[in-house]
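Structures follow.
Next, two complexes with chain A in common: one pairs it with chain B, the other with chain C.
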Partner chain A sequence: MTTAVQCREITKTYKNKRALNELSCTIEKNKITGIIGRNGAGKTTLLNMIAGHRRVTDGEIQVFGANPFNSLTVSANIVFINDTMNLPNGLTCLEILEEGQNFYRNWDHELAGRLFEYFGFTRHDIHERLSKGKRSMFNAIFGLASRSPLTIFDEPTTGMDEAVRKDFYRALLKDYIAHPRTVLLSSHHLSEIEDLLEDVLLIKNGREHLHMPVSDLKEYAVSIQGSERAVTNWLGGKNIIARRSGPAGRLYAVVENTIHDTHIKEAREKQLDLSPVSASDVCVYLTDERKGGIDDVFE
Partner chain B sequence: MSLNEISTGDVIKKQIIYKMRTYKGAFTTLMFVQLLGILFSLGGTGSFSMGGIYTVAGTQYSSMTVIIFTGIWAFVTAVLLTTKEDRKHDFVFVTNRLTSNVSNAVFLGIISVISGITAILSGFLLAVILILINSEIILHLGGGMYGVSTAAAGIFSTSLYILMAAALGYLAGSAVQLHPVMKVVIPAAFFGFLFSGWVVEAGPLFAMVFLEESIWLFLVKMLGLAALCFGLSAWMTDRLEVM
Partner chain C sequence: MNLNTDGAKPIYIQISEWLETEILNGNFGYDEKVFSQYQLAEMFNINPATAAKGLTKLVEEEILYKKRGLGMFVAGGAREAILEKRKDQTLRRLVEEIVAEAKHLNISEEEVIRMIREVNQKGEGEEK
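After this line comes the complex of A and B, so read on.
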């Protein structure tokens, strides 16, 4: 079995709101997959259901071949780290790590101890009293040390400063290489994690919008820039992702990368500026709902 | 990476150990509650006087206040176990809703026995304090304090009463988790019942259940009722989402 998570048309409704809308996806084992989407796209809801914390309203979800809701096997093989995670206050942070060791079969207590020390935690620290960034870091240590076959990080870096964030991503990558496992990593900032990811699952309005290797996503689109007329001519028949009017009759557009050498030649002849679009920008353009952009609000 | 299989019994055992560690604060609270109970008991719970040629008057002391306080403590502790925050904590580690409920029930059983022991022993502490503050006192020990076997019987039955309080607290807490309106409905129903005529009519029923001569029959009745409460709670919360 090479599938870790399988979702078939899962829908989740809260009271009147539809958080997920017939989302389907298959997440392969032993890969780092980024779950990317705008605020409220349904990332956290999806991860909550994969972890078995929430029930699906409709559809079917399978984690390691079982329905995760109330499955002990799934729980024993999953760790779910998120930024609203609450840990028991009756224990110190160090004691929480010791409990983790009791519960998780693959737990690496030596690694936990070394990370605990490296990030400046002391044996008397209580989770609730840590700063936001340190709390996130502690949660991340818990997630890394558990070595769960399915490790889920939902916005793990909330509140962390730049240096700590980089350290965390590096720790994740190193540990993943040494002990490959299925990792789901959600973030608003794809640019920050794209070097880490193998696959990207882009969620938009509660549905899967795109699911592909990050290397393909980097070549998914190109941008074209130049005088409005020339660009409009050049665009003819191509799949346009975004279009922005620039100053003084100039046009900027992003199109799906189906272009051939002839298109490149044509662009060069008309002095159009053709350039690649970064994966994170592609995601922004793809999930942009409003026409135009923030500029139009001010016009 | 291969999957880890884990048995339900194993997880429950680990969770009980985890709960004993993480709720150690509950035992500190218990100490305060029982000390407070002893303090209130120092004034005596009743007085008597026997007349004849000589009149003998005296004061009764009992650890009833301590036991009632302990019962309230167990009820509150059980309610706290059912709150959203505490359920979430279980899900940080390995669990499902069944193991979470079973380990909570066993944990409450353990703390009922511990607090039952200390509640009965507090009666002895009360006696010692009375002797220390009044050197001329003549003490006659009765109830659960006369000999080892009666003390053991006292501990046994007190623990069962405390367990009952905990089980009811767990049931009430679980009902609140199911729907917040229960926060109002349960106290309203309780006090409504207390001040209505029903409480008088239901008196004999309560007496039949809670006042039992045979200790084994009492054990069966209390454990049965507690199991019913825990079972009902587990059934109610088995579909509950963790947020």
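After this line comes the complex of A and C, so read on.
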């Protein structure tokens, strides 16, 4: 079996808000998949369903072939790291790690101890009293050390400074190379994690919008820029993802990358600026609800 | 090498080009084993699948060959193949850009060739 998570048309409604809307997706085993989307797109809701913390309103979800809701087998194989984790304050952080060892079959206590020390935790630290960044790092250590077959990090770097974030991503990559497992990583900052990922799952309005290798996403779109008339001519028949009018009759547009050498030549002849679009910018354009951009607010 | 992560060039292509340069510089000889996808992933802080894609590209171009369970090795004629490819693609594209820019600036072909000669002579002078 190569599938870790299978969602079939899952819907989740909270009161009268639809957080997930018939979302379907298949996540393959032993890959690092980035869960990307705007605020409120449904990332956290989806991860909650996968972890079995909430029940789906409609549809079917399977994790390692079983329904995750209320399943002890599934939860023994999952770790779900986020910034609302409820860890007991009656225990010190070190004691929490020791409890992890009792619960998770693959737990690496030596790794936990070394990370604990490296990131400057002490034996008297209490989870609740840690700073935001430190708490995130502690949660991340817990997630790494558990070596769970399905490891979910929902915005794991909230509050971490840049050096710590880099260390965390490096630690995740090294441990993944040594012990491959299925990792789901959600973030607002695709550019920060894209090199780490194999696949990207882009969520928009509670649905799967795109699911592809990150390397394909990087070649998914190109941008074109120049005088409005020349760009409009060049755009004829192409699939436009976004267009923005700039000052002095300039036009900037993003199109799906189905262009050929003749288009490149034409752009060069008309002195249009044709450039690749980064994976993270592609996601921003694809998930933009508004037509136009922030500039239009000031028109 | 630092990877250029601004999106201008896919990471796996940067990896394959880096390996090509290593072969051109003689750091890997014929039939010598190159880095594995996992070593490359660690070195460049990237997903091992991306590194594997860079290696696969070189296998497809017959610059590397695969020995099952042992890894990737430098193929016979790899150097020549890389040189040929760089001449055919990279250099040609650069020349095309030069020609287009010269046209744009209304500079004659003779003048462009003269500029190339100048740069060449300057380079040789510095080498001496």
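Rule of thumb we're sticking to: the second predicted complex is superposed on the first by the 299 of 299 C-alpha atoms of A that agree within 3 Å, B and C clash if a C-alpha of one lies under 4 Å from a C-alpha of the other, contacts with A are read in each partner's own complex, and residues count from 1 in each chain.
As a working rule, contacts are C-beta pairs under 8 Å (C-beta built on N, C-alpha and C of every residue); 3 or more make two chains touch, one makes a residue touch a chain.
This is a predicted model, so every value here is computed, not measured.
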With everything superposed onto chain A, say whether chain B and chain C fit together or clash.
-> fit
In degrees, rounded to a multiple of 10, the angle chain B-chain A-chain C between CA centres equals 150
Is A:K31 touching the first partner chain B, the second partner chain C, both, or neither of them?
-> second
Can A:R181 be said to touch chain B (first), chain C (second), both, or neither?
-> first
Which of the two, chain B or chain C, is in touch with more residues of chain A?
-> B
Does chain B (first) or chain C (second) touch A:E219, or do both, or does neither?
-> second
State whether A:P149 touches chain B only (first), chain C only (second), both chains, or neither.
-> first
Could you say whether A:R170 touches chain B, chain C, both of them, or neither, answering first, second, both or neither?
-> second
Smallest separation in Å between any Cα of chain B and any Cα of chain C in the superposed model?
-> 16
Residues on chain A touched by both chain B and chain C none
Going by the contact rule at the top, pick out the chain A residues touching chain B in the complex.
-> 30, 48, 51-55, 64, 70-73, 75-77, 80, 85-88, 90-91, 95, 99-100, 102-106, 142, 147, 149, 179-182
Chain C touches which residues of chain A in the complex?
-> 31-32, 169-170, 173-174, 177, 191, 194-198, 213-215, 218-219, 268, 271, 275-281
Over in the complex, which chain B residues touch chain A? Could you list them?
-> 1-6, 8, 11, 14, 17-18, 21-25, 85-86, 88-89, 91-99, 238-239, 241-243
Where on chain C does chain A make contact in their complex?
-> 3, 5-12, 38, 41-42, 44-50, 53, 100, 104
